[in-house]
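Both of the next two complexes hold chain A, though its partner changes from chain B to chain C.
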Partner chain A sequence: MEKIEFNYPEAKRLITKRAHVGVVGSGDMEVLLEPNSEEGAHVFITTSVNGFGDAWRSVFDRFFSKFDGAVRIYINDAGATPGSVLLRLEQAVEVIEQ
Partner chain B sequence: MSASILIPDFVNRKSFIELDARARAQSLFDEGTWKELVGPFDRIESPWLAKQGIAPQFDDGCVVIKGKIGGSPAVTIAFEGAFQGGSVGEVSGAKMTAALDLATKDSKAGKPTAAILLLETGGVRLQEANLGLAAVAEIISSVLALRQHAPVITIVAGTVGCFGGMSLVAGVSSYTIMTREARLGLNGPEVIEQESGIDEFDSSDRALIWAIHGGEQRVGMGLADLLVEDDAGKIAAAVLSCVRKGVPEKHRTEQVELYRARIAALDTSSQIDPATLRQQRANTKGGVR
Partner chain C sequence: MVSTLHVHDLILLRTESAVISTQSDSACPCLNPNQRPWVVVRRGRISGGLIPVGVRGAQRHERCAGFTRLSDVAEALRPDQLRLRLAEDSRRLLPAFRTLSYLESRLVGLDMSWGPGGSLGYELASGIPAVHADSDLDLILFAPKQLDITEAQNLWRMISSAPGKVDALAETPCCGFSLEEFATTSHRKILLRTSEGRVLGSNPWSLSNGEDN
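Right after this comes the complex of A and B.
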């Protein structure tokens, strides 16, 4: 198991809603997306698969290149592929943008 | 009836099995009456899984929702089968016990509160061993307290099924609702095969497994009460009917003499087949309420 953290200080848009999607089942993960009390976004990942920090970084770089929001993202992961991770993140965004 | 009428019904139904634990629990309540307690945003996770290198879940795989069913107060406790096999750990067990105890407290105060247990679980979470076992004991004692005042309704919808310590919880509940896809048993097929050999029980033989543990057989033998299609609307209707029935006159586990006599009467000199057993049991007085 590995814990990974990222910061995206350039994410500034104020977010008011929160979202929870996904299940920590094999090949899947859950996301909690909450408004951050200050500017910038923070990502906290707990994953059962070690050694994929760079892949996580790439996924979140891509995610925050399109999404602007001062949020805290918490993830529990049970081996979701990068594609599934992005889909879950987009699903969470869909919930808060509704 | 022609196929063109049958197929749309089947295709258009809202599957209950395909919903996750949270959506299953929500689907049972009157619209706009429910509220989740100790949800994922509270982030009360298992403190033991991370120490063993396993990613936890924010709600520890246990969803507690309070609301109204048919206008009556009810609480639903749902286990998420996709997370660690729906297993019961310290946190998920405590959530369930606390919810049941609050329902008992409300019921005693003159507000009968039914509990609906959605059990998709392999039983105790092995990583939390003794704490999980203690949780099962607490849950059973809380169900026994509540069921005197309000019905405790277990739903085993599938596809995980309900095994281990949690099958005992299903056993002590007032009513058990199953689908044809669901399984209910003390030891899971793979455990039996592992402990007693493939000659005893072949866990890859699906026809055999479902003939013994499956919903149709369990209801047919009077060990569960209602066999319902995998349809969210029909399951909600079945739950409502159980809520309306209220506390049964006599719970299954109070019929000690009946079940003792059944075990005593078993003829083990030859292999007993599931169909014959069901025929015998279905006709036994008191087996099916």
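Right after this comes the complex of A and C.
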């Protein structure tokens, strides 16, 4: 079990909706994405697989190179692959921007 | 004897050298030469006679992916066959095994084939201890015919009433998906695990590009 946090201060666009997607099951993860009351985005990850901080960092760097919403993202991970992480994040964005 | 293999099947190889690692540095550490070489069929396309397999080491980080040849397969067990095998007496009190026997009594009339995957499946096939006190039960349900949402919700309600956490994966002819997600989500799309990779889609029994119909 490992906890990881990232900040993306440049993500300032106002977001008003929240999304809850995914499930905590083998190779998958749950994402809660909600508006941040302050400027910038914060990511809080709890993962069952230790030692992948750099991989998480590169997934979120890639995600926030396209997404600029001021959000708080909570992730409960059970070993999702980087590809699945991006799919779940895209799904959460689809929900808040519907 | 071994004619068709599917994802989640546990297979016993004739020799541990039958695994071809996908990593060029051959860092696949896992097969212990002192144990019989059981591996699990991974999701992926079987092509050129090569079967995608996963190797489980003693530790989680020792898992690795490789391929093997059909001719190297000595024995294969499906999840529904594994379910009928008994764990060692000393292991039966572990929560995941107790959850499995609870479900055995509750799913008696279920018109679907099902059984354990993950660490339980591996342990039941190989006899090598793999389940821990905090292991979830990975449950595989075969759903060749479409489940309607009410059936799925009833099934998930029964499964999730088990004493331990159950990670239930349904397998259709096209893909695998989380029964929990299918039964409980309010979104139109769920995660589908196909042999070509993972996608978001709305119908696990019919993968087409026309998702927005």
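Going forward, the second predicted complex is superposed on the first by the 98 of 98 C-alpha atoms of A that agree within 3 Å, B and C clash if a C-alpha of one lies under 4 Å from a C-alpha of the other, contacts with A are read in each partner's own complex, and residues count from 1 in each chain.
Convention: contacts are C-beta pairs under 8 Å (C-beta built on N, C-alpha and C of every residue); 3 or more make two chains touch, one makes a residue touch a chain.
Please read these numbers as outputs of a predicted model, since none were measured by experiment.
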Quiz item: Which partner does A:G51 contact after superposing on A: first (chain B), second (chain C), both, neither?
Solution: second
Quiz item: After superposition on the shared chain, which partner residues are touched by A:V23: those of chain B (first), chain C (second), both, or neither?
Solution: both
Exercise. Go through the superposed model and pick first if A:V95 touches only chain B, second if only chain C, both, or neither.
Key: second
Quiz item: Intersection of chain A residues contacting chain B with those contacting chain C?
Solution: 23, 25-26, 28, 78
Quiz item: Where on chain A is chain B touching in the complex?
Solution: 1, 18, 20, 23-26, 28, 30, 32, 34, 46-48, 74, 76-78
Quiz item: What does chain C use to touch chain A in their complex?
Solution: 60-61, 118, 136, 138, 167-169, 178, 180-181, 185, 187, 189, 191, 193, 197-200
Self-check item: Of chain B, residues touching chain A in the complex
Solution: 20, 39-41, 43, 45, 50, 53-58, 61, 80, 82-84
Quiz item: For the complex, which residues does chain A have touching chain C?
Solution: 21-23, 25-28, 49, 51, 78, 81, 83-84, 87-88, 90-91, 95
